[in-house]
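Got a structure for you, questions after.
The chains carry the letters A, B, C and D, assigned in the order they are written, with residues numbered from 1 in each.
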Amino acid sequence: MNKVYNHAVDAIADINDDAVIMLGGFGLCGIPENSIAALVKKGSKNLTCISNNAGVDDFGIGLMLQKKQVKKMVSSYVGENAEFERQLLSGELEVELIPQGTLATRCMAAGYGMPAIFTPAGVGTEVAEGKEIRIFNDKEYLLEYAFDADFAIVKAWKGDTEGNLIFKDTARNFNPLMAMAGKITIAEVEELVPAGELDPNQIHTPGIYVHRIFQGKDYEKRIEQRTTKKLTD
Amino acid sequence: MNKVYNHAVDAIADINDDAVIMLGGFGLCGIPENSIAALVKKGSKNLTCISNNAGVDDFGIGLMLQKKQVKKMVSSYVGENAEFERQLLSGELEVELIPQGTLATRCMAAGYGMPAIFTPAGVGTEVAEGKEIRIFNDKEYLLEYAFDADFAIVKAWKGDTEGNLIFKDTARNFNPLMAMAGKITIAEVEELVPAGELDPNQIHTPGIYVHRIFQGKDYEKRIEQRTTKKLTD
Amino acid sequence: MALSKEQIAKRISMELKDGYYVNLGIGIPTLVANYIPAGINVVLQSENGLLGMGPFPIDGEEDADLINAGKQTITTLAGSSIFDSALSFGMIRAGKVDLTVLGAMEVSDSGDIANWKIPGKMVKGMGGAMDLVASAKNIIVAMMHTNPKGESKLLSACTLPLTGKHCIKKVVTELAVLDITEDGFKLMERAPGVSVEEIMAKTAGKLIVHGEIPEMQFD
Amino acid sequence: MALSKEQIAKRISMELKDGYYVNLGIGIPTLVANYIPAGINVVLQSENGLLGMGPFPIDGEEDADLINAGKQTITTLAGSSIFDSALSFGMIRAGKVDLTVLGAMEVSDSGDIANWKIPGKMVKGMGGAMDLVASAKNIIVAMMHTNPKGESKLLSACTLPLTGKHCIKKVVTELAVLDITEDGFKLMERAPGVSVEEIMAKTAGKLIVHGEIPEMQFD
């Protein structure tokens, strides 16, 4: 059973119009750059994208927005993107805003085969509208459902031919959660190694969750907020 | 804020009669040997022990059973222990049997601040008696509650002074889950290192969940089923 | 002639497909690992927290920190991964494990299974069995057709406390391969030389016999 | 004299205790990290998945793979740990984070907070704010006492869409430190030289003033 693909284009070839896809990353950190480029090239339309953010105008999911490939964004925060705002205000784009922890946990729930979870996030706010509230230990919780995505597309640091993934620093973020949650999970990695090279104790995402893997290239890894201090500080 | 203790005896000094404690390990693999020895020495009685297994007659939790320190075991499998069986049949010991995945997930739920989870395990069996059943996508699930333990006692391979833990091989098992679930979590480690020596990307249990840590000694690591093959096989 | 335990395991191994993730229970199911067909790659899951379970270690190389769900010392393989028990049951619950093979005391013709408790006897616990049977999409039971008293273990309703309901898809015994369908046990194959009549006589639950029943084929 | 933003942060830093795990929001809350009192150790959590957030990297050493929840490049420290965003909010939800400091547009005298949405304006989203306010045991709001129009941000009821209900424990503004009690805002401290009358005038919600209100003390 070969999980290894040579190119992003092949790995995403069956992501067609109307697909529900998850995309890993937080801001521009840890986003699947190669897969996004391939999706833009393929041009699939009417996509529902579950992703914490929507990229910036000319990078990340912003590139898909430019080509009007996205019907709906399911995110926790969608600032930093003028084209996004334009499509939203004109009614071309639908947005569902979800608290960040709820978003993360609904991905995890899918990977753990839990159909729903309870979280207090959003109780007493418009997020709770129409949702079931349940009290445990005198505290109110919302019932939130596991996500159901056709594809999850994630970016890892290293991966092996069995689909095992290791993430680097805070580029981990939503990636391992979404990797668990896709009906088909596609992982792009900076370095693809033969099975056996990764320490079994250090795997973040076991290969059972990953259906396709390829080594990406030319990562730009754009920085959204470059904050530094002088050596003399 | 110093989390480091020198001896198991100090780390468990306030585990008194009637405490509810979790003990990591699967079978005899990855059990907190030093803490168990200290608990036996301290002699606290009427303990409720949440642990996947109950050790063997002369090792693991079996040592606490010998001294009649345990009022109730909450486990998934309790074979391999004659004294356990004697106490159970004589009515001295109470046992609550829980499916293994439910046990693991109820620990995890506590660590994730989720008051309850849904699992199909036990539907249609006596495990479901008195429990709430809920249907999602035409499948029945039981509502199971997060554990509430006074203390969690776990065993890790390496730990640092901030309480970060790394487990080795299948000695991981329930340990990171219980580490997340104790009101007070006590970790014994084979090797305690200064903060900064462990790779932040390889931490299995972040130190925020660990309140006390000490370097154990004289690990016996008894093997329950020694299965090997000859070099010539 | 009735199959040996090894032959039951071998017959079950023919259900394996390339790329399958498989969880094997204790007893006959464990033996299935010895008969993985050439040319296919199967990854064994151990529910204490391991994917890619390897063979027993060479004498002297056993490691107390590396055991399987049967508490036996084992090894890892190239591509193995280790995780905690919640993720282990998480991937089971999420349906990522393609095939589960386990033993049973009784199976009913509606797919119920009893394999953890005998009233009046010391109860050791269900371990991970209830999670496995409730979650796996594809469960094969490996067991003897009758109990030591000669009574059928394939029943219209289980008499022992259940491990799970409506979950078993297939049963392989020393006598037969049976699919569990909406109408009951459907006889698919006979052990070589075993008659349909013997299987009918030893099956207490509803048994469907359609047409000619082929003998199992072993290489 | 009203406090500067830095002074608000400094006053909040006095609430820190040794061993605290702290989540600091964007804006004034971020500045609190600059005033951690000597002799105490505080671990900063960043909800994208980091415990032990260090300072900004030295010029040229920034790493796109290492950012905080404000998407700024940062560093790790000795003892840091990295995890996924579900575990990050898991530890928040489980009450393991001792203190959360965040900004607000409005706070009510019953502890409600509004800080994510202004009707009629482009809504960027709540990010992790709703999770934080719903889960943290100990939340301090750092904000200006009034909005740019001079209207009080401390109200009897929030007018903007809520981020969370009954969750804020303390508010520190450029004028005052206020605890939120069952009876409303309780004035605890005044900024140096700011009168109780001014605070009363600029507080629209129920304000409790008991006895002499001390001035904040800075070193």
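In this text, a residue touches a chain if its C-beta (ideal position, glycine included) is under 8 Å from a C-beta of that chain, and two chains touch if they have at least 3 such contacts.
All figures in this text were calculated on a predicted structure; none of them were measured in a lab.
*Asks:* Between A-D and A-C, flag the pair that has more C-beta pairs in contact.
*Replies:* Pair with more contacting C-beta pairs, A-D versus A-C: A-D.
*Asks:* When the centre of a chain is set as the mean of its C-alpha atoms, what distance in Å lies between subunit A and subunit B?
*Replies:* A distance of 33 Å separates the two centres.
*Asks:* Which integer distance in Å separates the CA centroid of subunit C from that of subunit D?
*Replies:* The separation of the two C-alpha centroids amounts to 56 Å.
*Asks:* Would you mind pulling out the distance in Å between where the CA atoms of subunit A average out and where those of subunit D do?
*Replies:* So the centroids are 29 Å from each other.
*Asks:* Would you kindly tell me how far, in whole Å, the mean C-alpha position of subunit C lies from that of subunit A?
*Replies:* So the centre of subunit A lies 37 Å away from the centre of subunit C.
*Asks:* Indicate the residues of subunit B shared as contacts by at least two other chains.
*Replies:* Within subunit B, residues 105, 112, 114, 119, 168-169, 172, 200-201 contact more than one other chain.
*Asks:* I need the residues of subunit C touching at least two other chains; which ones are they?
*Replies:* Residues 50, 76, 82-83, 86, 90, 92-93, 135 of subunit C touch two or more partner chains.
*Asks:* For this structure, give each pair of chains that are touching.
*Replies:* A-B, A-C, A-D, B-C, B-D
*Asks:* Within the complex, which stretch of subunit D touches subunit B?
*Replies:* Counting only subunit D, the residues touching subunit B are 18-19, 21, 41, 43, 45, 50-52, 76-83, 86-87, 90-97, 135.
*Asks:* For the complex, give me every residue of subunit C touching subunit B.
*Replies:* 46-50, 55-68, 70-74, 76, 82-86, 88-90, 92-93, 112, 122-131, 134-135, 161-166
*Asks:* Which residues of subunit B touch subunit C in their complex?
*Replies:* 26-30, 52, 75-79, 85, 88-89, 97, 99-105, 107-108, 119-127, 157, 168-177, 204, 221-231, 233
*Asks:* Spell out the part of subunit A that touches subunit C in their complex, as residue ranges.
*Replies:* 1, 110-114, 160-162, 164, 180, 194-196, 200-201, 203, 206-209
*Asks:* Mind listing the subunit A positions that touch subunit B in their complex?
*Replies:* 105, 112, 114-119, 136-137, 139, 141, 145, 166-169, 172, 200-202
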